[in-house]
Amino acid sequence: MARNISVTLTKEDVKKIASLAKLPLDEKDIPVYISQLSSILSFVSKLSDVESAGVVPTSQVTGLLNVYRDDVIDTKRMLSQEEVLANAHETHDGFIIVPQILAKE
Amino acid sequence: MKYTPIIGLEVHVELGTTSKMFCSCPADYFGKKPNTQCCPVCLGLPGALPVPNKKAIEQTILFGLAVHSTIAEESKFDRKNYFYPDLPKGYQISQYDEPLAMNGSINIKYQMSKIKNSDQKSKIIRIRRVHIEEDTGKLQHMVVGGKNVACIDFNRSGVPLMEIVTEPDFRSVDEVDQYVRRIQQIIRYLGISGADMERGSMRIEPSISLLDIKYQKSNIKDEELPKYRVEIKNINSFRFVRKALEYEIVRQTRLLESGVAIDQETRGYSETQNVTVSQRGKEDAMDYRYFPEPDIPPMRFTQDQILKIKDQISELPDQKSERFIREYGLTEYDTDHLIDELKTAVFFEKCVIVANTGVFKKANITPKIIANWIINKKTDLSINESQFIQNIASSLVVMTVSDEDIYSAIKHVLRVNVQAVEDFKAGKDQVKMFLFGNVIKELKGKGDKQIIMELLIKELRKI
Amino acid sequence: MNIRDYTIQSALKEMRAGTLRAKDLILSCLENIERYTETYNVLLSVAAKEDLLAEAKKIDSSGYDKPLSGIPIVLKDIFSTTSLRTTAGSKVLENYHAPYEATVVKKLREAGAIIIGKANQDAWAHGSTGENSDFGPTSSAYDIKYVAGGSSSGSATAVALGMCLASTGTDTGGSIRVPASFNNLVGLKPTYGRVSRYGIIAMASSLDSVGHMTKTVYDNALMLSVTAGIDPYDATTGQKSVSDYLSAISSLQSLKGITIGVSPDYLTVGKKATDGMNPELEKLTEEALGVFTALGATIKEIDLPHTKDALETYYVLCPSEVSSNLGRYDGIRYGNTRDAFGLEARRRIMIGTYTLSAGYYDAYYKTAQKVRTLVCQEFEKAFETVDVVFAPVSPSPSPLIGEFVNDPLALYLSDIYTVPVNLAGLAGLSLPAGFVGTLPVGIQLIGKQWSEERLYAISNVYEKKTEWYKRRPKV
């Protein structure tokens, strides 16, 4: 029983995670993230001590199976173009627009 | 060439359901004003939740069955997480480790050469998996106010998308071409999609690598496959599948010949320049962080349910072809043409029925005659079957002459060509062709040539 | 009159008797809002007075025939509304106006409720104190120096301070039960899938439950009878029919024949995980258990050994789902860009991104899913022999504002008593159990899935005996 598993993230780890999560990362915040994330990950790593071999994973607790909808159109929920665009940052001619750099990433 | 191409395909097909995959917006977005076919779900608004479209799931299973797959008894949806402006939720609802169908196969036929009726080979392409997911919005690049921008239309977002993944079983571009056509044919027969590449309802992403020519044999072991794979994206038509692959074969051959190891990468095809351009290298390989979609309960299918779906499969191209040969005495060449599009096959069979009923019965219009007319005369299938059979019948009547008429024509020709008849008697056998020509002229081209020749010879012998 | 002295039950009774009008309730709410909302930082949006009065006028001429006719309600700001912005307590959605309404909001409106405003909360519901709100912390109604509890912080304080008669909240790991206990309220986290999540901004989809905070058990049951049920827009709503919660309440006169489970494991891990339970709170908890015994209940010791692993499991599964659910906030279709995320949201997104990423998925996510199964099985077994499980809500009363600001992990540990309920999708009810100094604390009754009826009935007997709800905050 290794009760004190310690995870220490590196600067590169933090950068990689931030980039995967598309979060802007300030160089000066990296040390704080290293320490906070490492301590949380060390804490949850204790899970590896739990005897769970052969246990079926649970991804939801509804007990439900095969919940579907019929293939019909329901216009009640549809939004007008105006409603779709209302919260958008930038629009043009019915489209929502983004700078091309964003789209190429 | 020193190398054999090793090609695998991912084909995406938008299913022709009425509504979208996870919401009840119309799935038909073609030609609609941007952002007018959307709701909170397909726009990925905060708080919106997906509920799967039963029909889309059944159609995917239907296709899986049509290509001899094993249908999963347990299946589920997963989230594929990545960022792109056309992906409104930051994840796509897809299927990861429990696709609806697995381990299918499809038989493709392809000509050994370009000559009609040359030897056909057939080959089995293994289909690794078939799963269902949702389509993304559509990005268009434009210049707005002097700035290069991408315009997003979410009408397509959430349309059901079936993904069909093969094993790397293709060894030539021709095989790929045949496979794609076969897949398209089956999908159209099943009536689950128009599978139209130009409209974007069918999209093809090949991955290709080259292997030393000594591995020409078809069943290459996994460990013998090349260590790399180049995925090609952005292919919008049949023609460009071929062009992109041909370009890639040349490019990779050059690299390998000059001793350069090729890296795993994703390349985009440019129609305008007919080249592929690197989009993403191995080091930027996407980490999609798949996990089970918590918003949708898992799926279970009993054998009964699967059988019920199987019952919906109408006759598929292969079976139809076999039956046409068996029932109508057609050739493989005939049936290949007739079954290519379902509507042609249906038209043909309706004609056969019409030809066997009522007034047309006497005309003795055989299925073979009908097939020939459809294949050779590029028939307009919008005319009705009776009209079509009428056309055949009247032209046959015109062409037919009675034996009596043939005899009288022969007698007339023999009478006026006394010298030729004498020559024949003297043993000049070739003269009969001259006489035959004259009989045909006398009959104005009507009548069965073989019968005319037989009767002519009979008459000549009598003299 | 002051609405603080009313419950939904008493207000409806008076309105129907003709001695009270919806207008009076609204005016009293607005007065309390005016007086306290800034100092306690309770609401993020308030409906326009003239709209509210127009609604009240309509109801006052209608005969109060609906289940919640004229009842002023505050929504956690995570429930989509078309009338008011929906921020989820985050600057990312500072100016987001939803073009549609949550199923629950529609149901409440149809039942005659008046939506008076939207409450402050930990941003994206991440937290148990309310301090992670990008709009600042909410204070406990009982002591302004202390936190309201989170994440449904404003929802709790709003009820306690008389800005409404009931509020909605969401509970992913304790976010209804904790603030309810810190504000002397009844807070229900229903069975997963009992109330539709459609239109409610997701935190961790497999754990999120939608529930209510009220002064009394009766009010809570009334709220649930309006909001519970199958929603065709939420595939995870249970196919179980909705029980008659109101008649269920009076089904028990004493607790004779009721078996209450107590798990020493559950209590000791709580003490170990944190610096030990607050001794006064521990005493109150024992006293509460004594009340149940005095009312006739049998106390039975049960085994819940895996509750010790529940926190670790929760803090893998929850951030994993969070990292995915917050992927949609890219500032393109709505809201601000991702640099508007606050610190806690960033931490959770990053933890979840890590635990789902290639090479780590099996060790973290998959293992956590397996331990989740063990936790579920353990509860299932326990419920074969007991009606409900008794537990504290939190190891301590409200912390001081700022106490945990630099130690996120220490704060996570205080969720020890609430998260197992979410992992197993059970029903959990937080009930007032007395005061530690000025600060109210609660106890928790946990029932198996779909056992809300039973929970309400048992709680009602306890409430009749203790009547803690009659205490009001001194303001």
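A, B and C are the chain letters, set down in written order, and residue numbers restart from 1 in every chain.
Just so we're on the same page, contacts are C-beta pairs under 8 Å (C-beta built on N, C-alpha and C of every residue); 3 or more make two chains touch, one makes a residue touch a chain.
Just so it is clear, the structure is predicted and the values come from calculations on it, not from any experiment.
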Point to revise | By mean Cα position, the chain sitting nearest the middle | key: A
Practice item. Would you identify the chain whose Cα-based centre sits farthest away from the centre of subunit B? Key: C
Practice item. Could you please state the distance in Å, as a whole number, between where the Cα atoms of subunit B are centred and where those of subunit C are centred? Key: 57
Practice item. Mind checking the centre-to-centre distance between subunit A and subunit C? Centres are C-alpha means, answer in whole Å. Key: 24
Point to revise | CA centroid of subunit A to CA centroid of subunit B, Å | key: 40
Exercise for review: List, in ascending order, every residue of subunit A touching at least 2 other chains.
Suggested key: 20, 22, 59-60, 62, 64, 67, 69, 77, 79, 84, 96, 98, 102
Check your understanding: What parts of subunit C, by residue number, touch at least two of the other chains?
Key -> 96, 99-100, 206, 232-233, 235-236, 323, 327, 330, 332-334, 353, 357
Review point. Do you know which subunit B residues sit against two or more other chains?
Key: 39-40, 43, 51-52, 83, 85, 152, 287, 289, 291, 294, 296-297
Study note, to complete from the structure: Per the touch rule, the subunit B residues reaching subunit A in their complex are 17-19, 23-26, 33-41, 43, 51-57, 76, 83-85, 139-142, 144, 147-154, 287, 289, 291-292, 294, 296-300
**Study point:** Contacting residues of subunit C [partner subunit A, same complex]
**Key:** 95-97, 99-100, 192-193, 206, 232-233, 235-236, 238-239, 306, 309, 312-313, 315-316, 323, 327, 330-335, 338-339, 341, 346-347, 349-351, 353-355, 357, 363-364, 366-374, 376, 408-409, 412, 423-425, 449
Review point. Hey, which residues of subunit A end up touching subunit B in the complex?
Key: 20, 22, 59-60, 62, 64-74, 77-81, 84-85, 90, 92-100, 102-103, 105
Study note, to complete from the structure: The residues of subunit B that touch subunit C in their complex are 39-40, 43-52, 79, 81, 83, 85, 88-91, 152, 287, 289-291, 294-297
Practice item. Would you pull the subunit A residues touching subunit C in the complex into a rising list? Key: 13-14, 17-18, 20-24, 33, 36-37, 39-41, 43-48, 50, 52, 55-64, 67, 69, 77, 79, 83-84, 86-89, 96, 98, 102
